[in-house]
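By written order: A, B, C, D, E, F, G and H. Residues from 1 in each chain.
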Amino acid sequence: MDAKLLEQLLHDVERGRVSVSEALERLRTLPFENLGFACVDHHRHLRQGFPEVVFAEGKSLDQVKGILTSLWAASARILVTRLAPDHAEALGQDFPEACYYPASRSLTLSRGEIPDQGRGLIIVISAGTSDIPVAEEAAVTARIMGNRVETVYDCGVAGLHRLLAHQQLFRKATVFIVVAGMEGALPSVVGGMVDRPVIAVPTSVGYGASFGGLAALLAMLNSCANGVAVVNIDNGFGAGHLAALINRKD
Amino acid sequence: MDAKLLEQLLHDVERGRVSVSEALERLRTLPFENLGFACVDHHRHLRQGFPEVVFAEGKSLDQVKGILTSLWAASARILVTRLAPDHAEALGQDFPEACYYPASRSLTLSRGEIPDQGRGLIIVISAGTSDIPVAEEAAVTARIMGNRVETVYDCGVAGLHRLLAHQQLFRKATVFIVVAGMEGALPSVVGGMVDRPVIAVPTSVGYGASFGGLAALLAMLNSCANGVAVVNIDNGFGAGHLAALINRKD
Amino acid sequence: MDAKLLEQLLHDVERGRVSVSEALERLRTLPFENLGFACVDHHRHLRQGFPEVVFAEGKSLDQVKGILTSLWAASARILVTRLAPDHAEALGQDFPEACYYPASRSLTLSRGEIPDQGRGLIIVISAGTSDIPVAEEAAVTARIMGNRVETVYDCGVAGLHRLLAHQQLFRKATVFIVVAGMEGALPSVVGGMVDRPVIAVPTSVGYGASFGGLAALLAMLNSCANGVAVVNIDNGFGAGHLAALINRKD
Amino acid sequence: MDAKLLEQLLHDVERGRVSVSEALERLRTLPFENLGFACVDHHRHLRQGFPEVVFAEGKSLDQVKGILTSLWAASARILVTRLAPDHAEALGQDFPEACYYPASRSLTLSRGEIPDQGRGLIIVISAGTSDIPVAEEAAVTARIMGNRVETVYDCGVAGLHRLLAHQQLFRKATVFIVVAGMEGALPSVVGGMVDRPVIAVPTSVGYGASFGGLAALLAMLNSCANGVAVVNIDNGFGAGHLAALINRKD
Amino acid sequence: MDAKLLEQLLHDVERGRVSVSEALERLRTLPFENLGFACVDHHRHLRQGFPEVVFAEGKSLDQVKGILTSLWAASARILVTRLAPDHAEALGQDFPEACYYPASRSLTLSRGEIPDQGRGLIIVISAGTSDIPVAEEAAVTARIMGNRVETVYDCGVAGLHRLLAHQQLFRKATVFIVVAGMEGALPSVVGGMVDRPVIAVPTSVGYGASFGGLAALLAMLNSCANGVAVVNIDNGFGAGHLAALINRKD
Amino acid sequence: MDAKLLEQLLHDVERGRVSVSEALERLRTLPFENLGFACVDHHRHLRQGFPEVVFAEGKSLDQVKGILTSLWAASARILVTRLAPDHAEALGQDFPEACYYPASRSLTLSRGEIPDQGRGLIIVISAGTSDIPVAEEAAVTARIMGNRVETVYDCGVAGLHRLLAHQQLFRKATVFIVVAGMEGALPSVVGGMVDRPVIAVPTSVGYGASFGGLAALLAMLNSCANGVAVVNIDNGFGAGHLAALINRKD
Amino acid sequence: MDAKLLEQLLHDVERGRVSVSEALERLRTLPFENLGFACVDHHRHLRQGFPEVVFAEGKSLDQVKGILTSLWAASARILVTRLAPDHAEALGQDFPEACYYPASRSLTLSRGEIPDQGRGLIIVISAGTSDIPVAEEAAVTARIMGNRVETVYDCGVAGLHRLLAHQQLFRKATVFIVVAGMEGALPSVVGGMVDRPVIAVPTSVGYGASFGGLAALLAMLNSCANGVAVVNIDNGFGAGHLAALINRKD
Amino acid sequence: MDAKLLEQLLHDVERGRVSVSEALERLRTLPFENLGFACVDHHRHLRQGFPEVVFAEGKSLDQVKGILTSLWAASARILVTRLAPDHAEALGQDFPEACYYPASRSLTLSRGEIPDQGRGLIIVISAGTSDIPVAEEAAVTARIMGNRVETVYDCGVAGLHRLLAHQQLFRKATVFIVVAGMEGALPSVVGGMVDRPVIAVPTSVGYGASFGGLAALLAMLNSCANGVAVVNIDNGFGAGHLAALINRKD
């Protein structure tokens, strides 16, 4: 029973064709989705302006192209993550608005300027150069969602002066994304320097006892600094998305 | 060398008693703390109004009393976490302003009303009744930090209707804290219902293959919902603190 | 808006006091619970006759007594799991219908005979004597849910003849619950002997590299026999409940 | 000593050529298999009509073809799992009855219609699109074993309305197979909506802290919903087989 | 159908009261145990002279006493493992033949001398003093099973000279039991010194990253020396039993 | 200082050319190896007749050929494990005595017949067909070390009758090697059937929660049967070697 | 055969009472220890002045007293670790030279001043107040081994200024011991500030996902700073001992 | 504000162009790096003469070439680790001073002789031939940092005599690097033979339950020998670097 049918039912009640008790019965057992869907998903329109997201890993070029074609007809902004460079190049011919970011293997599609929808600045900090792809995915995600983003890379805790040099910049941020592999200590150090939310992103950078990012993940969960929360290993997109939610103008 | 000494040094330069090169040398090697401390910790005053926090677990009653006496002389608000009920009762005689929350074993001290310092509402949701102590610690923490908090308990994913019944309330929140043990699925479900940051708190509730909260922790890190980040197992305080940072009026 | 209010709304439509479009709007945004609750929970009445369950571990005697008093007013059958013997004794004075099973630390309350609600026989098999408490919890659970249950204990795989001796009995069962700690091999062996569902329950029985039941759990998940599924370590109740669902007369 | 020899022995006893005590001795020590085999395997004929199963992974095309040729001479129905598409194509030429299901990489061989051997309906639900191959393997397995199967895909817990929309369908099922990777929450949610057995299948879908399906596996074992049991990661075949056993007409 | 019934059946065949085909049918379906039990367990008599074993941990004094009373009526030798000293003392009054070994918390009961049933000497080596209880359990077990045993304790790999000093003794052994916690290196070193089977027993001795004996267990499984096999953590009894099997005179 | 030099030194003492105290000093500080080597390695000659072993994995054809050429000049028997088929073929041209076993990827070189050096029979049992390569490596190893070996394959615990059919054969063995992946239950079942040493070999056969053989390994370490010890995952060679040591004629 | 016997043997050779070949034979087979011991342990005297160490955990007061009495007769310095306060008090009456350190539960015995045997200064840094017991154990160990030690506590990475304030002190050290629980980041930060060896000591301080110090341990093993090595969780003694070896005057 | 600007500021103060209070203000808020950098990094010049290090894994030939060109202009010595042989060959044409070490896949660049900067000798010991690449990386690292290094390979604990033969050499060393995979026992044995720091390097050599080096890592962390610390799995560079720091002339 979709909205039309519901409307019809109410008309039938109005006109006396269906009794109240029968209508009650039919309402009680109607498929949840038709009524409930609207209900559950009502908040969706709040997200207007948020981009659609396509996870390209494991999808063929044709599949990605098909999805993009369909989404692009209805959306103003699209983010494609984990897209291979050769796929990006091929897509560029069909979607001239496409912008590819090789460092994070992300592609964005946007009609016109992306309006600034954030309360303030999002700062993305990464520990080593190998962490940059994840950090860039976070940055691209936050930007396509309408946020100002600054990136500060190569600030591992073994060279504190590089980190400390950015203290004044750090005071301008609303939320931090801190990306680190290996020992995963950077979010704790940043968390101790600022009084803003810190989203920690462990990366699978490392070898041996890093166990694919587990060492960094555990370190971040046990951070002695307050205000730190953690997303999945290598989940730059998730961190960028969460930062955008935190930075939302209400 | 504190600020006074630095001022003296500059006066000496001004008066020609110390040469520029000598001053340079002394500045270069002066203890970091005296100058740097101010620098590093400059943002601290932004936190004015934030409570001091005492982790009482493993501390004797005398230790806690000593710390509280010292802090209470200088702070307007204090939060004590993991405080045993008998200690709380004993402290109540020395600190008439103390308010003890047995569910979370937290105690707060506050002079006067806690001003509302948040942008909006923080909602704390918990899955089972055994998760309530952790949820309450989060709620007490967020409240003493100047936030309005609503709690919605006993909303496990095996009884969705209880969760869905709160949908309208959920639209009013700025940030969510979702507390769950066992399979840790609740943050994913809540994350799919709202477009606000969700701080997931795994608890050690469960047995067998819950491995002390590890199952819930992993589930939350792998959430299929966007906007979810995770803190340590049973870390209600950390979640409340982070929620307060996210909810900060700028 | 509960059912009454919904009825009122429909009457108002019937009588023309509320327009169809206004009714549509109000229906679309009414709290999910009021309508949805009935919807979601509709299947509940199918469970009529199923017992209420109280997990007593960690609850005080007074708490258990209070819950039981409240439930007993509305339910025909109640199962209390993980109940300490002294609590059971105390409860026996208030609830003369109570029946305590010390082996599994379970207590049941039932008005009159439990009707047989199952299609066939549930057989509970355990490997060692230390596994019996978990096996008994499964058996008590299945019985209070209206099933015939036979138990076959002390049938570890290192003494196959004891197991093989029960082959004829095994042909009578609809579903098996197989409980084992240590190497957890018994469900695989049983699974190879029967063509009925086997619910495997790992127990924390063992030491050293059993890692609290992990060894048995992994063995059961990797069973080379078909028709085996696994519940949590020591989860006798869960196995008994699932067996009852499988054995349900439709 | 096979059945012939046993018959001979009894004839010898009958004719007085072998004394009872000698016969007893010979019976007691005869190879187990000859008598015991029949005994142990007696229940096999109950499985008549169940298909033979070939696990093709790691087997050469020639090996699979040889096995199929041999089995097809004696069986009415065969299921081949994990079969590469090019092998399937090659086999299609030798076995015109072969039907290949690319999504699950399964192939079935069946003479004539598969009779409906189940009590009711099996519903297979999957969380994400990446979980579909495992879900399809479960569905194909259950179907070739003589069951009606419905599939409901792409119902992750982050979009509850999609799941809730199928509530009426869910009331028709005898048993559920719920397939999910990442946080593995779906079986708990489904388990809370239905009062039928739920077979949970964790998949290796995910990355980072999913640890190849471990996160989903642990979540499912710790499900707060009753009536949920778990099979090995990616074990669609096992889930389908178990569902068929549960759905068996007695 | 027990042996009597089988004899009866054969007599009936002999006397023509039961036809061969009917007898065949009854034999084919008779309960496995009656015939098969004898069959499966036939090898048991080979073990004559092997002691009965009682695992006392978790059993009450009365339970142990009851079991011992029952076993002692039928067995010449009994081994009780993990028996608390106060239980041992109490049992000593009822069983004057009892001999308690406090170091391993083992008790043995034996009528008369234990005959030497081994081919040669079993040597038990332990790394640290904390490993001695496990080593002693192995030694007591092997002795009560009729073996000559020598023990060489406190031979950790960090003091090789202590180990090397025993080289001539080592040449006399048929099998070695090597007990070690912490890094578990001793079996590898011993394995390199001898060309006899080495049974490695990891102990839970250690702290921190020993993870309850896991470190030692993994080290022993990865031994670079040939001829080393491993039993469960702290399983001195298992090692002693296996050594006795290896040392068996044929 | 080798044996010659030592002899010289003693002659010098005998002849008065070197004083006792000087000789003492030289003996005390002489390189350990020269004297100690003989001492430590004295038992080596007991191993005469044991083959040299070459682990070919990761070695180039030229490397293997070089090692074989060198060893073959001095040894009567050589075992090469983990040798690729193409390497085996190439080596066959240089070493006409070479015998390659494709199932286990092992190659043996032997001058003349291998004398029977064992006390009795070694039986190698494997659970599934995928476990055969590991089982064969064990068998080839034991045979080249001078043992009679029988193999019994495809005896998984889900089909007990196949295992039980071999009971009479099992009574002839001195030691068992039991190879199994997945749930690793077979050694426990065999261990319960025999009173001989059982060497359990977990294999990496399986998927998902088998975690590369960890599930089987843990199951075997926790075996409820006595007389079972475990070697590393897939370590067929180690099991064969250990079985040969156990089977040694003294 | 001890040195005396060896001397006797040589005299016998010198005097012609024992032939060279007989002497050779006896030398070749003499117990390793008598000659080898001296050899292996020769470097022991280099350690003169190093204290004897007693690990008191799990030992009775009488045991500790007995060991101390025996050692104190022969040693100038003794270190007792993990000694309970009441045992320490009791020992104080028998050993007036005893000095107990409650923070680390260590006791030292020393005759006269401990000479400075180190090249330079050892600095012990700890992250949180809960890490102090482990840090103190390291400090007491290093001091009793003749080293100058400075301690810098409560320098967690979330408050960098406290750490940076000690930079000038840090330049004076030869080796660092850095003790931290939770996320274990401190050694990486210190390692980046100094160019001296850093011994990292993870502690079991923390909860939840710290897994008893595993998180800190992994973080330290994955340190992005050079010059960091790790000892076992809570192993303050080991760190102090190693630091003393590094600081040794040659 | 760099040093020049600071000098300018002081001159301005000296000349009265800037007041003391204004200077104070500017000093207090100047970017940390400009002053702090010098401060934090002051100790850097102590490292003069230490080589620059390039981690080549994952870098293209062009990237490595670019980095080398830039570094070589400013540094006297460079170490490149994990460099593929073909890259090494190509680089050899541009950098005639380059020296490639295929065993460890390391390349060094050095102008003139490397001066001996160490106090004594560094000995690198490895267990098996497969551990040599990691051992060689440690040796090359220590040598380019100005240390004398001896290597002793193929000294696994299963052949002690090979290790013991080097005892006299061992007395000459200042620090040991001990590299081992599999059971990781070698550092414990070496640690018991010497009274010098032992840096233990676990390698990923092994299979099955070695879990990529985890077994060796745990064994080394639990070493019963004193004076052993551990670096990450396969981290030869880290061990060499740390050994150089320990061996530093002060």
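Methods note: a contact is a pair of C-beta atoms (placed from the backbone, for glycine too) under 8 Å apart; a residue touches a chain by one contact, two chains touch by 3 or more.
Since the structure is predicted, the reported quantities are computational estimates derived from the model, not experimental observations.
Enquirer: Note the shortest touch-path length, in steps, from chain C to chain G.
Expert: Counted as steps through touching chains, the separation is 2.
Enquirer: Using mean CA coordinates as chain centres, what's the gap between chain C and chain E in Å?
Expert: About 39 Å, centre to centre.
Enquirer: Where the centres are mean C-alpha positions, what is the separation of chain D from chain H, in Å?
Expert: Their C-alpha centroids are separated by 55 Å.
Enquirer: Where does chain H touch two or more other chains at once, residue-wise?
Expert: In chain H, residues 29, 32, 36, 39-40, 42, 160, 164, 167, 193, 208-210, 214, 217, 221-222, 226, 232-233 touch at least two other chains, as defined above.
Enquirer: Among all the chains shown, which pairs meet the touch rule set out at the top?
Expert: Every touching chain pair, ordered by label, is A-B, A-C, A-D, A-G, A-H, B-C, B-D, B-G, B-H, C-D, C-E, C-F, D-E, D-F, E-F, E-G, E-H, F-G, F-H, G-H.
Enquirer: Under the touch definition given earlier, write down the residues of chain H that touch chain F in their complex.
Expert: Touch list, chain H to chain F: 130, 160-162, 164-165, 167-168, 207-210.
Enquirer: For a test of understanding, state which residues of chain B touch chain A in their complex under the given definition.
Expert: 39-40, 42-43, 46-47, 50, 119-120, 164, 167, 171, 174-175, 193-197, 199, 217, 221-222, 226-233, 238-239, 241-242, 245-246, 248, 250
Enquirer: Would you tell me which residues of chain A are touching chain D in their complex?
Expert: So the residues of chain A in touch with chain D come to 29, 31-34, 36-37, 40-41, 58, 202, 204, 212-214, 217, 232-235.
Enquirer: Per the contact definition, I'd like the list of chain A residues that touch chain C in the complex.
Expert: The contact residues of chain A facing chain C are 3, 6-7, 10-11, 13-14, 16, 20-21, 23-24, 27-29, 32, 35-36, 38-40, 42.
Enquirer: What residues on chain F touch chain C, complex-wise?
Expert: Touching chain C: residues 127-128, 156-160, 164, 182-185, 188-189, 191-193, 206, 208-211, 214-216, 218-226 of chain F.
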